[in-house]
């Protein structure tokens, strides 16, 4: 879609230095951009390319100097880039129709412009607010509520009584509201504890492909506003995750653990159950957390320790065989010294 | 559902101390319970709350003393709680009907009260015993057998020839009987080895959401009675898992490994292929097991070592940089001592 | 299916020593094989069983000597075994028909003998080449191309614009082309970056059950010819994986990372984003890779280090508490020696 620099400057609130009538139709990396492309510099490392880029315009920070170039100056070029992407590549327009081949239960309430594809199953007493879209292969249980403008990709399962907020995106194959993993021991056997709670997902949450979020034993498993969850993440029953968290792929969070706001869990992190992770905590990839973490900490390793300590200890780890050898040598030397001194003492 | 304490005492085989006519309708935690609620103390840590709880009755161990309270005394309060949950929150009653919009193959044999939802595909020559339920989006391959009262949640795939026992629960998105990951090297390329075995799942097994269990190369991949598998677990071809095991989320078990009875694998554990894990073994979260483990061991770490050893070694890990520094200092001191003694020797 | 040794020798290009008219109908392990079975010895460890096996014939290496046995001699017995399996257990023959209950979009182009099961959804403008098979529950987005003889198992989602090569196998529940996990920070909130690229999967790739492969932010996420991916693997946006790689279950590969040819990533390995893994690299199970790895390296651990170094360091890890104790003892002894020498010095 062709846009003028003027249109784009208005869209992203940029200060335009250059020709407002120049048009662009694509976004490209600064080293590959061609005339007609728009590019951006979010990382100062790349600012040296501004002078030589073929791009028709560059989104950059206010301090950038590049005579003869069309510059769109903003405080956060990466955010501006994201907004322009949304503008240049608008989302697929859905039909706003319920396909007659979808299976819809009794007493389902639908807002305006709800799109339901064929091969969708929706149970009884559900509520789909305005502009909800549900792709083929989804199974929505009884009494589920889905907020306005939410997008449910193919083959998603949402079990009964779960509540999904507005503008939520659920990627293909995700499972919301499966039974929590709860059993009481009965001798050496296990007796299943009914999982009678639900999952609540608040506004603007994104849930990755093949993610699993278990319903609570009682009460709710709760993902709060703005949190983004990557693919193949496991969230157990009664977990609470705060606002604006980033949960990277293959993370596992055990039952009843509470995660604060703005927490980042990198890929393959595991949290044990019944612990509390403070606001703004970051856990490095593959970290294993076994106890509460106070707000603001950056932790790594399994079991997780403060990140800097972990970095140093990890670097030393490969010296372990060498250290052990040196330790043995020292023991021998010290024993020899001790013996020598004992002898000399005797001589005296 | 309102029940008298008398009814509940009969249900769980409790000795009732108090008023049998008192009624309860909910279960609640001991610190939050209100009149009309039933609560329980499974953990002695919480027994101090019995005196002050608002609950109408408390399930507790026989040694509990709480004058003026209605007590339901049992040996295993947590199990009693689980049984009451099942009583108060009975499972959804299914229709016992096969929806005409389901796709059913030729020569499919169905017992009494089988429920098949719309948007289900069932291949040829399948057997569904009494009271089996199959939710929308499931695909059941040819010649699959499913035992009585088993529950197959939405979007599950069970490929041809697999055998599912009685009272098995398979959560949404699980895949049973996908090809094992077997290839023969052909120069630098890989030639696929047909996976002609099957998966057998015995009675009372539970399989989590988006779990994958591969069919055997030949013979069977086998999950034995009573084992409980959490979400996103991977079980490779020809694995055998014994009875009453607990396999927590995101565990991976490689090909041909044998797991004994009553084994617990905590979250994100990995087992290499072709090993044997003895009965009653416990592997701590994120553990990596590369060799046979004798019965009864508690292991942690990657590679896994006895748990206590791992705990101590892990605590020492963060001291590594400090240890290395001290080691260097000692080396210098010892060298200085050696030199000094050599000098003194020469002086003599 | 009964076959003569002559037929099998021709099939696998073996030198037959023995009776070409003998027939076999099954394959079995050398220790369990019965008359009528064919067995093989790929591992020299098992060659001692050749003299006593009940099997009617043995596939073995050319140097094998076993008087009175029917031997099929080939350079690569395991590959020969795989080829015979394919011969004895031919793949299910599909109908080559599009079921009228499948939902097919506008302008979908289909080759010869395409099989589409009921409960399949195919969007507009797709191309399915000859002999493609699509199982129930699959959802294929608009403009997807699927190459000849590819096999898409149940409940797979392939989102719009993705390109699948020839003879590709995608196991149940896999998700191809879900949005990459890309957000721009907007204060403490996250703004979604549209993911407008696609996924390209080249010929002869196999993709495991419940795998997730995200579409590129721009351009493509790319899996090259012959690579085999096991279950529950996560591949992030803009990742490129070379030819003939083996990616074992539960591996996670972060955004924009490039993996060379013939790379093996063992189970539960994690790669951070924006790194390059050279050709023929092997990463051991649960390894965590945080920087570029040159071609040909064998690495293990998290963070990954050369495998031998890791083996030794891991063995030493459990000695850490003991090492720390010895270090303290040495410090005391050295301090004592120093003091003693100081004293003796003073005496002199």
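Chains here go by letter, A, B and C, matching the order in which they are written, and residues are numbered from 1 within each.
As a convention for this text, a contact is a pair of C-beta atoms (placed from the backbone, for glycine too) under 8 Å apart; a residue touches a chain by one contact, two chains touch by 3 or more.
Keep in mind that this is a model prediction, so the values were computed, not measured.
K.L.:
With a step meaning a move to a chain it touches, how many steps does the shortest path from subunit A to subunit C take?
P.N.:
When the steps are counted carefully, the minimum from subunit A to subunit C is 1.
K.L.:
Would the interface of subunit B with subunit C count as same or different, where same needs over half of all numbers used to appear in both copies?
P.N.:
Mostly different residues: under half of the interface numbers shared.
K.L.:
How many degrees of rotation carry the C-alpha atoms of subunit A onto those of subunit B, rounded to the nearest 5?
P.N.:
Angle of the fitting rotation, subunit A to subunit B: 120 degrees.
K.L.:
When the C-alpha atoms of subunit B and subunit C are each averaged to a single point, how far apart are the two points in Å?
P.N.:
Centres of subunit B and subunit C (C-alpha means) sit 26 Å apart.
K.L.:
Scan subunit C for residues touching two or more other chains and write them down.
P.N.:
Only 119, 137, 155, 173, 210, 232, 250, 268, 286, 302, 317, 319-320, 323, 327, 330, 334, 337, 341 qualify.
K.L.:
Any idea which subunit C residues touch subunit A in the complex?
P.N.:
On the subunit C side, the touching residues are 103, 119, 121, 137-139, 155, 157, 159-160, 173, 175, 178-179, 181, 183-186, 188-194, 196, 210, 212, 214, 218, 232, 234, 236, 250, 252, 254, 268, 270, 272, 286, 288, 290, 301-303, 305, 309-310, 312-313, 315-317, 319-320, 323, 326-327, 330, 333-334, 337, 340-341.
K.L.:
Applying the document's contact rule, which stretches of subunit C touch subunit B when the two form their complex?
P.N.:
27-28, 76, 78-79, 81-83, 85-86, 89, 91-92, 101, 117-119, 135-137, 153-155, 169, 171-173, 204, 206, 208-210, 226, 228, 230-232, 244, 246, 248-250, 262, 267-268, 285-286, 302, 314, 317-321, 323-324, 327, 330-331, 334, 337-338, 341
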